[in-house]
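Next come two complexes built around subunit A: one with subunit B, the other with subunit C.
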Partner chain A sequence: MGKVKPGPLARRPDNSAFKQQRLPAWSPMLTANTVLPFFYFMALICMLLGVWLLLTVQSTEELKLDYTEAGTCNLCFEKRKNVSNAAQPCICTAVFNIKKAFKGDVFFYYGLINFHQNLRRYMDSRDDAQMVGRKNNLKSPSSYCMPFDKNKNGVPIAPCGAVANSIFNDSFTLSYMASSGSVHVPLLRKGISWYTDKNIKYRNPSTENMTLPQVFEGTAPPLYWQKPVYDLDPLDKNNNGFINDDLIVWMREAAFPNFKKLYGVLHRANKPFVNGLPAGNYSVEISYNFPVQYFRGRKEVVLTTLTWFGGQNHFLPIAYLVTSCLIQLIAILLTVFWFKFGKNGQNMEE
Partner chain B sequence: MAVNENADRPKAVRLRGKDVNAESSLKWPELYRSGQRQELSSPLILISSLLYAVYSSLVFFFIPFGVFHNTAYDFQTMAVTVAMAATFTANVEISLVTRYWTRLNVAAVCVSVVMFFICSRITHSTSLFKASPGDYFFLGASNRAFIDPLVWLTALLTTWTAVLPSMTALAINVIFNMHDKHKVHSASSQPVELRSRLRRGASLRRSSYALSQGAGPGRLISSGTCIRSTVPTVDEQVTADNNPTDSQLQINMKNK
Partner chain C sequence: AHIGVGISGQEGMQAVLSSDYSFAQFRFLQRLLLVHGRWSYLRMCKFLRYFFYKNFTFTFVHFWFAFFCGFSAQTVYDEWFITLYNLVYTALPVLGMSLFDQDVNDVWSFQQPQLYVPGQLNLYFSKKAFFKCALHSCYSSMVLFFIPYAAMHDTVRGDGKDVADYQSFALLTQTCLLFAVTIQLCLEMSYWTAVNTFFVLGSLVMYFAVTFTMYSNGMFLMSPSAFPFIGTARNSLNQPNIWLTILLTSILCVLPVVTYRFLFIQLCPTINDKIMFKVRQAKASPAPPPRRTRIRRTSSRRSGYAFSHAQGYGDLVTSGRFLRRPALSRSSGLTNAGRTTTGFSPMGRSAGYSPTGRPQNAKVSDVEVTSLQMYRTITDPSL
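For the complex of A and B:
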């Protein structure tokens, strides 16, 4: 506050540029000559972007195989309708054909249709403090996980919650039918999760001198799991517990009911996969565990190449092109209005 | 958010405009005509604000929905995309209404956008996550989202589509009306003579001074003042003619 000036003008505001609104200001001169070219320019930009993105997307290859009831998976589909068969394994095979070779890195995804991972109550049903490795949360999971926090014997569940409980547990083995016979397609299954997830968000409780199963003593696996959390990957000891890559990928909830999640990347070290996937017949052997008929869902396998823009996503280029057409239409309408009314008005004033 | 901003339109217009001095006010009475006619809080304006809010909500959802549907992108990346689009849209809307760009206005817009990115990075950071994993579970989302071209392209398209009606309205306004506002502030002050017939009794036609001293827009809307016509009814016209209270005022404004 400034000094108090006595007299009738005591409460007058300061004579500063800010308070007397004398700040230097720029005022845009908006006339038809600036506005109309702006609309045409934006329409042009949207069109160029749309065309460029469309060309980029056209260069990707994608193959989707819905294997819910395909091939011999029909029998597994029937088997999984019965809950009492849940512990029994079921292996099935589906075949597909690639017409054009996939050049470059090939990404193998599993996809689910009609599985709402974005349901609010489902997304809340997890305990991030437990999965970051806090010991007291390990044995006493948060109440958000209910009813998946303790099993019927009162033993706490690790990892708790509906998200972990519903983990996708199908596994795939891809084979290429070359002329010399069936060749196993190697998939890299490491590094499929985010760096921050794998190293910060999900941590096993500190082991000290104990082994991982000993750390998890006193907890039970989730109700729908066949294996306990410390034994998720028998081949790689470092991929067990809460830091298991498949678990981490599943726990990152998808935005919409139809989604896909990364399963593996083609390992391009050896022939014939050095340049990608060659054209031909392929078969995928599936260990079919995840039941989808309860929510009328479908399961699929997606093989795709990626560009800087992602996979085969036609929506964005088309949206840009549609927007550019719309703006073009608006710009033309405005130009017509200007010729009919605006220009005449100007002439009349003068 | 859009409804809130548009409901307080008179205040919004005041904040972004500039005051006019007394001589200029007398010279250009059309400047306060919109207040007298209560144009800014008329039902048409309210309904169009509501419709615009509904339209922009639909745009903010359906364009990211179309892009991220059936992809490997997760919920948190989509959330960051929509937040970016909303921030950009709000700033563009403010920029469209601002007529006088002082350094403060430019700074406000820039700071708003920059603060969005900074605050996102802070709330998605490791230290906050470690302090409370249950609350700050967006760890790592902005790391990947802010460098992903798909996220940026989606946010820009959503912003542009959401802002399109306002831009079109502005363009139509520019084309149909030639604004003389530049003359308003650059004219030199000259002696002005005010002649008016003050008619007492026409209570529905309120001067802008009365409007500014009276109830705010909320009260105007809830009491239905703005819905009543500002044209005096036949009875009031007759009353006014029977009681002519002519007072002709002459005011000479001297140069300061």
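For the complex of A and C:
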């Protein structure tokens, strides 16, 4: 604040550009020679993008197999309707045929239809502090997990919550019916979860010099599980506890009721799978555990090849092409209107 | 009335104390109305329309998501985004627009008083304008939900891992939303000062900075249940899939607005469009803007009308004597240029001062009468 000048003009505000609202500025206006070229340019860009993406997506192959009641799985489907059979295993087989060989890396997903992992109370029912390995949360899970925080004996559940409780527990074995007989298709079951999930978001409680089962002593497995959390993967002891890949993949809730989650990647070390999956007949042997009739859902298996753009989703390329056509049409319309009515400001007389 | 104006003066300060605005001379009223009042109306209406638009769009997306989440009131966005949306990401740009926006500058506002008419007719914000804004929000929210939904619900990352999960979808939708409302703001703003530009770009940068910070490992390890979105930004924003979806939503949200406005400028331009066109033409061909001449207010004697305790100057006015050009300037050989008028001259019969306090100049080369005929042409038959 400057000195207050005495006199009749003492309280005049400053004559600065800021206070007198005269700041230098750019005043854009929608004129024909900016808008029309812009529309034509955007139409061109969208067309190019649409064509490029369409070509990319067309180069992927995808196969979906709904196995809820396919093949011999209808027997298992009936068996799983009765909840007292939950502990009994049920193996079934479904067959499918690949017409065109899947070249390159092949990814094996399991999919669920009509399972709302995005329900609010379902999504709240988890304890991230417990799953990052904090010891006090291990024995006293958060109240958000209720009623899946303690079992009927009052023992705390690890991992607590409805999300962990409802883990997908079907397992799959893929076989290729080659001319020489049935060949087992090897699937890599590691590295299916995000790096940040596997290494930071989910950690086992520190073991010091205990074994993993000892660390989890005093906790109980979730109500619907058949195995405790430290024994989820008997083959790989680093894949047990909260850092089990399948558990991590399941805990990453899907946004929509129809989703698919990664189960494994084709192991391409040996013939005949060096270049991907050859064409022919395949059978998948399923250990059928997950009951879906309660929510009128379906289960499926998805095999797909990928590009940098992702899986086989035609929406974005087609949307770009449609948008490009629309923009082109509008641009032509606007050019016509401008030419007839507004050219050289002929409509701008007052 | 919308505002009360008091004139401070020798009669006292009572009017000043009870009014909304006060100043010392009547002539300031013109500037108050035509420049500041008009700008204020414009800014308020733009602010209101845009504010309703951005919040309705933000909210309607939840309506569409409800059909897909079993109507369980799950939010589409990250909770931190919901908190910071109105507080940080869209607060300053809107503030900038409602403080600095001008459609034409003050000189033009002053000289084109017909620009004041939209304010009188309540054109910029009415039930109709609000309804149009709500409709626009509805359309934007549909684009902002369904395009990401269709693009993402059945796809995966380039390396096969998940990208259709709730957290990635939330991040995608909130980024699309922010881009769409920011571009809409850029279309609304018609006066881009450095401050405005800084606010707009800074808010976008702030969004990415805050998002990456909150989705970082450090914040998660500090409080896992408060920052559950760890890793989402890093894992989904490196997918070209996501950015192509953001581009498509922005295009689909913005181009209809541009089309609609451009079409209306061509077919039925408003008074604002016409004046702004004139401004551009004047800037392009730098002729001085037509100056209103105050020469016609020659007689300072008119200021005597208000004093009713004296007989007044009625006789003087009706006699027309004050309109006569003084003898001195007549013999200088100036030709009568039509609408030339008498200037102030110490030999003339004016009372010796002019109401505006400024010398009344005789340069009358470029004079134009506006359609409102605010100033009457005085032709002097006696010259």
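In this text, the second predicted complex is superposed on the first by the 314 of 350 C-alpha atoms of A that agree within 3 Å, B and C clash if a C-alpha of one lies under 4 Å from a C-alpha of the other, contacts with A are read in each partner's own complex, and residues count from 1 in each chain.
The rule we apply is simple: contacts are C-beta pairs under 8 Å (C-beta built on N, C-alpha and C of every residue); 3 or more make two chains touch, one makes a residue touch a chain.
As the structure is a prediction and not an experimental result, all values here were calculated from the model.
Overlay on subunit A: subunit B and subunit C clash in the combined arrangement. Judged by the touch definition given at the top, the superposed model places A:178 against neither subunit B nor subunit C. Within the superposed three-chain model, A:146 lies out of touch with both subunit B and subunit C [touch as defined at top].
Contact with both subunit B and subunit C is seen for A:29 once the two complexes are overlaid on the shared chain.
After overlaying the two complexes on the shared chain, residue contacts for A:75 are found with neither subunit B nor subunit C.
By the document's definition of touching, of the two partners only subunit C reaches A:265; subunit B does not. Of the two partner chains, subunit B and subunit C are each touched by A:337. Of the candidate stretches 110-118, 308-316 or 362-370 in subunit C, only 110-118 runs into subunit B once the two complexes are overlaid on chain A.
Comparing the two complexes, residues 21, 23-32, 35, 39, 42, 46, 49, 53, 109, 117-118, 123, 127-129, 131-132, 134, 142, 144, 194-197, 200-201, 252-256, 258-262, 308-311, 313, 315-316, 319-320, 323, 327, 330, 334, 337-338, 341-342, 345, 349 of subunit A contact subunit B in one case and subunit C in the other. Residues of subunit C touching subunit A in their complex: 39, 68-70, 72-74, 100, 102, 105-106, 114, 147, 149-170, 190-196, 217, 220-221, 224-225, 228, 230-231, 234-235, 239-241, 244-245, 248, 251-252, 255, 258-259, 261-263, 265-269, 271, 273-274, 276-281, 371. Of all residues in subunit B, only 18-19, 63-78, 99-105, 126, 129-130, 133-134, 137, 139-140, 143-144, 149-150, 153-154, 157, 160-161, 164, 167-168, 170-172, 174-176, 178-179, 181-182 touch subunit A in the complex they form. By the touch criterion given at the top, residues 21-32, 35, 39, 42, 46, 49, 53, 105, 107, 109, 116-123, 127-129, 131-132, 134, 142, 144, 192-197, 200-201, 249, 252-262, 265, 306-313, 315-316, 319-320, 323, 327, 330, 334, 337-338, 341-342, 345, 347-350 of subunit A touch subunit C in their complex.
Against subunit B, in their complex, subunit A makes its touches with residues 18, 21, 23-32, 35-36, 39, 42, 46, 49, 53, 109, 111, 117-118, 123, 127-129, 131-132, 134, 142, 144, 194-197, 200-201, 252-256, 258-262, 308-311, 313, 315-316, 319-320, 323, 326-327, 330, 334, 337-338, 341-342, 345-346, 349.
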